[in-house]
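These notes concern the structure reproduced below.
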Amino acid sequence: MAGNSIGKIFKLTTFGESHGKAIGGIIDGCPGNVQLNLEEIQKGLDRRKPGQSKITTQRKESDTVKFLSGISETGLTLGTPIGFIIENEDQKSKDYGNLENIYRPSHADYTYQAKYGIREHRGGGRSSARETACRVVGGEIAKQILKFSKVNVNAFVSGVHDISLDLNTELDLSKIDDNIVRCPDALTAERMIECIQKAKKDGDSLGGIVTCFVDGCPVGIGEPVFDRLNAELAKSMFCINAVKGFELGSGFDSVRMKGSEHNDEFVLEEGEITTKTNNSGGIQGGISNGQRINFNVAFKPVATILQKQKTISKDLKEENYQVQGRHDPCVVPRAVPIVEAMAAMVILDNILLQKTTQL
Amino acid sequence: MAGNSIGKIFKLTTFGESHGKAIGGIIDGCPGNVQLNLEEIQKGLDRRKPGQSKITTQRKESDTVKFLSGISETGLTLGTPIGFIIENEDQKSKDYGNLENIYRPSHADYTYQAKYGIREHRGGGRSSARETACRVVGGEIAKQILKFSKVNVNAFVSGVHDISLDLNTELDLSKIDDNIVRCPDALTAERMIECIQKAKKDGDSLGGIVTCFVDGCPVGIGEPVFDRLNAELAKSMFCINAVKGFELGSGFDSVRMKGSEHNDEFVLEEGEITTKTNNSGGIQGGISNGQRINFNVAFKPVATILQKQKTISKDLKEENYQVQGRHDPCVVPRAVPIVEAMAAMVILDNILLQKTTQL
Amino acid sequence: MAGNSIGKIFKLTTFGESHGKAIGGIIDGCPGNVQLNLEEIQKGLDRRKPGQSKITTQRKESDTVKFLSGISETGLTLGTPIGFIIENEDQKSKDYGNLENIYRPSHADYTYQAKYGIREHRGGGRSSARETACRVVGGEIAKQILKFSKVNVNAFVSGVHDISLDLNTELDLSKIDDNIVRCPDALTAERMIECIQKAKKDGDSLGGIVTCFVDGCPVGIGEPVFDRLNAELAKSMFCINAVKGFELGSGFDSVRMKGSEHNDEFVLEEGEITTKTNNSGGIQGGISNGQRINFNVAFKPVATILQKQKTISKDLKEENYQVQGRHDPCVVPRAVPIVEAMAAMVILDNILLQKTTQL
Amino acid sequence: MAGNSIGKIFKLTTFGESHGKAIGGIIDGCPGNVQLNLEEIQKGLDRRKPGQSKITTQRKESDTVKFLSGISETGLTLGTPIGFIIENEDQKSKDYGNLENIYRPSHADYTYQAKYGIREHRGGGRSSARETACRVVGGEIAKQILKFSKVNVNAFVSGVHDISLDLNTELDLSKIDDNIVRCPDALTAERMIECIQKAKKDGDSLGGIVTCFVDGCPVGIGEPVFDRLNAELAKSMFCINAVKGFELGSGFDSVRMKGSEHNDEFVLEEGEITTKTNNSGGIQGGISNGQRINFNVAFKPVATILQKQKTISKDLKEENYQVQGRHDPCVVPRAVPIVEAMAAMVILDNILLQKTTQL
């Protein structure tokens, strides 16, 4: 109930404040006897970790995952819960004393204090995006299991501030990690990087868009009417820090379309049902239809900027404050593995659930 | 698990195919000893029912709710589950025989068949938007309970095809029901109605946008990290038929903003903390901050159009088909009470849950 | 959360007060495309209904179930929620006026009032065992689906007051319904019936024991560590009215045994693993081991007796009161189908869940 | 779903095999801003740890809990999830090689293998009672929070093999820990200890009974109809290793009672409603009535004995085997803190849930 779990069958629960001893989690409901590649999981984490390039925060943290249970010595899942921790190395390196009584604008300081009657102010505590590292652990495991069923999840950056990737061109998904911004088009990527570097120099931050494709999802996945696959995907994306919008398939553009244009005509392709267009984004009536599931996630410019700002203190006084040092000028490059993780967990969870729908 | 419930404390489970004997539901977890106004609930249903105006489907159905349990003779909630049914009057009036073997484009026929190995083809069965009537029952009860805490939920139409309401002007929410399209600005409403009538004449359908405001929500509501208030709202909207996009506060526009513009500065107003701007849309870190919660929901043009279309049959043959008679050229006017219902249930559910967060 | 649902995959939610318009429920998560026999379901209900014999309450109620959704015209499950109602025929026939302000001893009047701040006093409202009729509907459906997998659930009366059935003799389960007390041994049954008739004449009530056997449950069912199959069975029995005890296999007798006597030795039988004894009651480590699952459920003498009693009123005054008319002198004969229903739902639910445990 | 969580609001999820790196858990939904005493939690664990006395297993393990999140530096709960681990010190000290292919009688080896398609054989893996240490952590936190509301949970040993404590005498609960068997009557305790020592010498094991009293539970706690307080307690006890029976209040003895004897007459005591007798065991209609909640839990003689036994191997061959070294001749002394932990978590969980039942 208290919100730190996601999934029905494949269920991740996470814990941890950004400056406590460790963050970590438990994956319950992972199928037994599945061969995992633990090195690949760490590689997934490395895509999210801070300090990985000149356009992310320069904070250094190795984000090494340590598995404590649920996996045999040879990497086979036991079916039992997979417990893991990621130690917080950076936990004492910074003095957050001056933030103890300050509610930073557009951060969660004020709301956490109101909700729980107390808050951990160091590094944002539980509200820090550091928590998402645990999701990447869950997501990488989900991605490995999905690959056994030929389901692939790929996310990439399709927008940074006013620079957009043209999604109507052919995209080579193998090139996503060829550049530090994680946009599969090299030219667009370059412009995005420049744009982010400019914001970094200004101590400002920028919004962006992450697009995600799920290929190979079988027909019939998703639980109407309230737990539709699109609804679960929407929720899973909106629980990532800084997300302000989600759209599936034709998304907000569908508003200006007519039914006669928007309907996805069924056609046969090599004897199999497919659709001529994919405005539905691979989901109809809340259930996957076998086409590519594609969606966009809008990220706001993150709240931490290095410019001077006004705010209110815990004892209701007006204050000026300014953050020193390091910040993420645009989160979308690091958000890519998080979007993939959330999508992979949702898809796997619903594939497992579908096994119960027919005898 | 099977997806027909929503909510944690205040939990609605619905049942019913569009052409079975009845649809209905159970509300579990409604607080006891609360005075309900049952007539107001029926009025809410009347805002959703078909045949209510010239721009909705002409199908006639009275949608009368019948409460079976959980409410005393004087309208007090008993704390026990509230069971209710809405009989299907129109259930035998139409011959759906020709649809038995057809997968209608952009409907859920094909996906339901794949998911369950069987489907009720009459009127779309469970995938019909008729099911949402049950949500309006739950939502109207939630709205009545929220009003005791001075929380108000209002939705309205802000876009129809290429006609948009300017959300930066002062809106008079009391005028939402003054016109049949449910747009609070009379002039814009008129243009929207014209536009829908044109589509109706063409046998085509149009997309639209519903905007929702939640006013008076206390600070501290919502459960991070996975069940953030925004994530629950996103999910609840995406489980409405035909929804393709959701955005909170600054939404997709935030992508092109800088942090220095986007941050909502905290200020004091009559000794209370408030924010100068509301790009956050009333939610920070997944928790309400006391400001107006505002979001937009994008609806695609519905799949039922009266034009001839190509498709595939159950036995994998190409078919032409054409629906006769009645259709909803644009669902947003009827979607308004559904959006309100889902929002109200989510907010109430999280307000009840918050009671457990501190001793 | 509010307690009116049971099951994870195959989930029953019930509603209804004993003297409201109807009781009913929703079964969500029933697998699709399964052939049901609706007449058999009604027969199950007839085994529970009041007035069925001289040793049950003489109250007459036909308990006719009416299915509203989730089942096709030919009795195939649709995979969608199965909604059903049972109308309350007896709802106006009795004047409960004098009970409005009385807390009957060992009934739930006082505790419901405290919990919800209000209570429906007519016929016990929600706390009436009438609610269990809805469970029989769910249980009969579960039993039919289990039979496709050759799993059989049989309960019978093994104790009434001081008369016990010898469980170490060979029992013929086909004879359970040969007598009105539902004890498979004719001689013991006769003594039980006499004993109950004596109590009835005295206006008193008696306790009893229902024993349940689940045969054919596959190995590997149940979810340790908290949702063990035995734990779920224990819970499911303890949510039946008047239950005071539950024991699995050797049960309370195991206390006086030694490990060397109690351990169930594994042996081979026709090449398959089986156990020499079954003190485990078919469950080891919370998971079924393929042997017969057997357990006993202790029922107290029900609280409604026709003798004069003292009690306290709502306004805290001492009162004498006496119930007139009809009562169940011993509930175990009517509890048999309820025990079967709960067991069947738990077993089916866990069999469905097990499908998700391996890829 | 996969069974490693318990609780609705105050929710414990555990992980860990007995011979992996660590066991641990996450408590989600612990109210914020509550002062904890971490040393007391460790003391609770010490009551459960192996090697604590001459009548428990001589295996030595310090069972030191390490909190990783959710608690401030001064011991205040943050409202966020409390993550913790207990490292496995003994993990490499023993060679379990010979058990890899053996299914030990009345252990969970065979059933785990069938369920998950794989099993961790060292020390029983996940099925080991070692996992219950994590529950004690959750339970001790629950007990501390309950004490703020004057709710006290005390368990003690009331039976060992054929030696029973007379529960009708006045018991001094402060004396429970005065002896190593945890029976509050010194004389009975001595006889129990002797009895256990005899079994230990024989390499055999004995069953026993733990009785639990919950005092001070407010009226109105528990969620009918399926999640009754008694049902939740029954489940929580049956998820402890080796439990075979559970009874509330009059329990199995109620079978031989008449309603006229069994009914608990309401009386006034200093202006407050109380009952003359407490056959109900403090719960009526699934809801607490303010009286002492009391129940008995039957434990079988544990399966590990030091005598030679026959069994079957993984490749279906008959085998003889004999465990060397250390075993728990009777688990009830160490089960006392586990029973308290489970009861405390269930009661606290339901007290928190009750906050949502009225506005």
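Note that the chains are named A, B, C and D in the order they appear, and that numbering of residues resets to 1 at the start of each chain.
The rule we apply is simple: a contact is a pair of C-beta atoms (placed from the backbone, for glycine too) under 8 Å apart; a residue touches a chain by one contact, two chains touch by 3 or more.
Keep in mind the model is a prediction, meaning the values are calculated, not measured.
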Labels of chains that are neighbours to chain A and to chain B: C, D
Chain located farthest away, centre of chain B as origin (C-alpha): D
Whole-Å separation of chain centres (CA-atom averages), chain A against chain C: 46
Geometric centre distance via CA averages, chain D-chain A, whole Å: 39
Mean-CA-position distance for chain D and chain C (Å): 26
Chain B: positions in contact with at least two other chains: 1-5, 8-9, 14, 29, 32-33, 79, 115-117, 126, 353, 356-358
Contact set on chain D toward chain C in their complex: 1-6, 8-9, 14, 103, 105-108, 110-112, 114-117, 126-127, 131, 159, 161-162, 199, 204-209, 219-228, 230-239, 241, 243-252, 254-268, 271, 273, 275, 279-281, 283-289, 298-305, 307, 309-312, 316, 318, 353-354, 356-358
Residues of chain B defined as touching chain D within the complex: 1, 9, 29, 31-34, 79, 145, 148, 352-353, 355-359
Chain B-touching residues of chain C, taken from the complex the two chains share: 1-5, 8-9, 11, 13-17, 20-26, 28-29, 32-33, 66-70, 72, 76-83, 85, 115-120, 125-126
